[in-house]
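There's a structure below that I have some questions on.
Here the chain labels run A, B, C and D in written order, and each chain numbers its own residues starting at 1.
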């Protein structure tokens, strides 16, 4: 049984996901595409042998569409996700789920009213082989109860449009989801520290930043966000437990000895670093849509990330350690979104 | 456009490939399955939502079948491949292409008569990320002209049915293909050496063996084959050139510090080690079938491997260094199997 | 020319240093030893073919003694160092230089009055090959201007006598010196954070702790102190700069593949981890005493460490980020302790 | 008690050892130096605060000299070693012990006649931390009974005076000693293979070479000798046993991330690579001289290496696998050179 998919948003990430669903993921077929730029939609539709539709609601309500992928501009996410829920269709929404915690709650409310999980948020790291091995090691008790995590999220450079607040909302948000998932614990405190800035950045930007999180269980996490590190795209993570520690390996690359150096290439971007994770994410999503049982990050995870990001940005502005005010998780989400 | 595939041979590897083509590879659909064991065929057919057919020729000649995957018992390969060529259908044949060099030549003759490449042999290492990075490094001149290769092929254990000759035919055959592909050079000499045997083997078996190859260009290669190494499945390869060397990385795994050890798991089998390579191999094969332009190991590669293996086994029995007597490569294969 | 050395304190570290100076370091000869436990002094003296003297002042004033090594109980350090300065003799003092910042200042005052550097404090990491390579990389500009450091200091276990304050005074004090030396910058802020404690500790102890330092230049440093980590003695350090990062390697050990694991031993103690550094430290100290030109950590470094530790302990007790109140460095120390 | 040493040969290696014995090794004092070039001898003597003597026999017979270090031109070694034995003095002889097997036997005969071990040959790898860890792992049974060894010995470049025969005599001779010591087994077969030569060599030279050794116990070893590899000085060794494998680590260096590369420096020469080993070798030799009980490579080891090298060169010239004709080891050497 093929899952017929409609894509809302034909930008870089929508195009990527469209190609992936068409060329690389079994059991999926992209049948409809839209974008605010009709030409871009038409081009992707031709490319994928799909139909271009005027707008997102047309895609959602197209009877041929079984499931929707939302890759449009962030501020439009909430409306499309809510419409998909109303239409009773599965929806894969790239992060953020919504640009405000309030909108996220409107979504979790609607999904609970619908009586079953329809929404998955695009946190691909949960599908990365390294993080999965780390989670297995933690869950197996290999390192004992976790106490500390050290994370680094480095990008070679960001454009002028990148603002200091995006260190939380666009960058550390991946660590936020990863931490919550790896530890099965909630983030309850956050504080941003700002070392002296790199000279390789636009003037307006705090870069690097160090974000300190605490969980309900008392785990302390430091996340270095450094988005103009120059040398490459580099994701590091170590979890320290009561009797051991587990660390992500550096991506395996050919080991070259040459000109006095023992060297491996550092990857240069997230597309390359997480290519396999994106593939696994969509392969698993398509299966889970077919099985009627979503397994990835939920709308609640999207809500929690939104609140934690908002509080983190507030800490950036005030310099103070702040508590994260999250609502209690509804039973619905504690039971995997099953009634 | 979906490629409709028929599978001949529903054993372990056929079942694996069937699942892969159905669940993981986009653009492919398994429509027919056969096996000498009808029950096994029926079971896989049900599993893949395909039709079970009485025998391989029925699969090949089924008008719904665009391309054939041969995963039956080795001695049957040649007949099925020849029949597929006669039917004008693409055929993916697991190694060996045929059990004798003569049969391989019948296949290359038939394919040339057909006027275009239809046959691909299942050497999955050409799709492994590590080997691909090594090939890129060599082709880019990073290490200069290659002079030497060191390889090791270790399995944790083999069953009693594994015989000394299989060290060449079933094990080192992968290195043989990899060497020829990485170096773009032909193997012209081979010699087997037998260190003292491990006590962890069945009595009749020479294990480990060391095979020494030479290429036409003068590259010397040593291949350690050790199929009862106990500790895991471990594939090592280093190519040494005039100004540098490139080595396969160990597979990346979570790095755990615990109980006085800094440790990573060693994989235990080829299925796990080359899972991504198998996936890429079939994804690329399906694309290339659709494009009408095969890119993987050719029938000529299958022929060459057969001759090199046969000569290697002769060296095992005689203890002498032997020249490999290969026919000249026809123009057809020099030009990628295009007329 | 042999440097004749007197050792004050024949405990574990004094015995170690005595053996090292006798058996492993060229150009040194231990001629006198003392200890509060006369028997212990006698035993070490016999062992080193030296003379046992009644007390530290006898050692300092013994005309055969050119230079003094102070390895006695911490609270006695200041008196012996002051006496050595008064006697015009070089003195190597194990950390701490003194147990209070005030006593440290008495020493720096006395040394300035003496008109030349006589005091070296035993921070052996400055002699570790890994840290030295890191310093070379930083000084060469390989990573650009430093912005961030991540450190971890893990011990397998500590005895019941270890108290929470010792995380700064006995453990992180090594990082404090290393940071100041690597960055050639001063620590001006400190804050302790306490994750949930490991269950593998004595009840009274905060373990692990995370100490956040800031330098005058705006570099932010996090130091994980975890003294009951169970798995081994593990020192990690990464310095992140404007265009790259440099990390200490894990100590090189034989790489063993066995029983499904690729593994290296983790060292179990600081003696083993820093054996080469201790050797280099004393070899260089003996040379520098002979040359009349000390090069290691100065009394001022000892003073700074004392103040930073005291402030860090205050932060542990108050939970607040505190500024470090250091006096201005006298010209004397800015010029290497030369008049 | 200080060991007073005389050095015969004030070239590069003699100068190095002289400095090491004076500045870095405790318990030793160089008192006499000679060289065929009297000026060079005088210069080193001044440098080490020793006396320059007219020739090697003067050094050996100087009553102030307890032990002799022979670092002169290879062809002179045998005479000096024999003279030292005759004088009843300990002698450390840089490899080779003698330039012919016959001369080596004259030495072993003389030493046996003297009734106790006086001779140590300078195989410093036995003191390298990595090789020592490998030996510990093998001796502890971590990898089971050894079956195979893979070695590589790469130098960045050699001068025009380096000849093909030196691949055995000057380069692989270190592997020969290491293999015999690690495995506690004798080399009984040798064969040289010559891959196509690198273009980065002088015309007359076979480089690289691959030497295949077999031991009495049936272990097979391949040694790649590549003395113009361009990129650095690189020593690799892996021992494969019945249940595991152990490999030398790459030398630990700072790990730098920069300009798209994760990189570590490769050392450029044997002096740097084995600096710690040389130090340990002399420290241990001085101790063992003092204790009257030598522990390093014996004259017999020097004899065996000579025969194996000679046979290997013969194989280079004939291209054939040759048996190594070693005399039986006398009881004297089986019992550590004790009567």
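Throughout what follows, a residue touches a chain if its C-beta (ideal position, glycine included) is under 8 Å from a C-beta of that chain, and two chains touch if they have at least 3 such contacts.
Just so you know, these numbers come straight off a predicted model, no measurement behind them.
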Statement: Comparing B-D with B-C, the one with more C-beta contacts is B-D
- prompt: What chain is the most remote from chain C, judged by the mean position of CA atoms in each chain?
  reply: B
Message: I'd like to verify one number: the distance from the centre of chain C to the centre of chain D, where each centre is the average of its C-alpha atoms, in whole angstrom.
response: 38
- prompt: Just how far, in Å, is the C-alpha centre of chain C from the one of chain B?
  reply: 58
Message: What's the distance between the Cα centroids of chain B and chain D, rounded to whole Å?
response: 44
- line: Two or more other chains are touched by the chain C residues 230-231, 243-245, 250, 257-259, 264
Message: For a test of understanding, state which residues of chain B touch chain A in their complex under the given definition.
response: 21-28, 129-130, 133-134, 136-137, 142-143, 243-259, 264, 276, 283, 287
- prompt: Hey, which residues of chain D end up touching chain B in the complex?
  reply: 144-145, 147-148, 150, 152, 193, 195-200, 208, 210, 212, 214, 217-220, 222, 224, 226, 229-231, 240, 242-245
- prompt: Which of the residues in chain A end up touching chain D in this complex?
  reply: 230-232, 234, 250, 257-266, 268
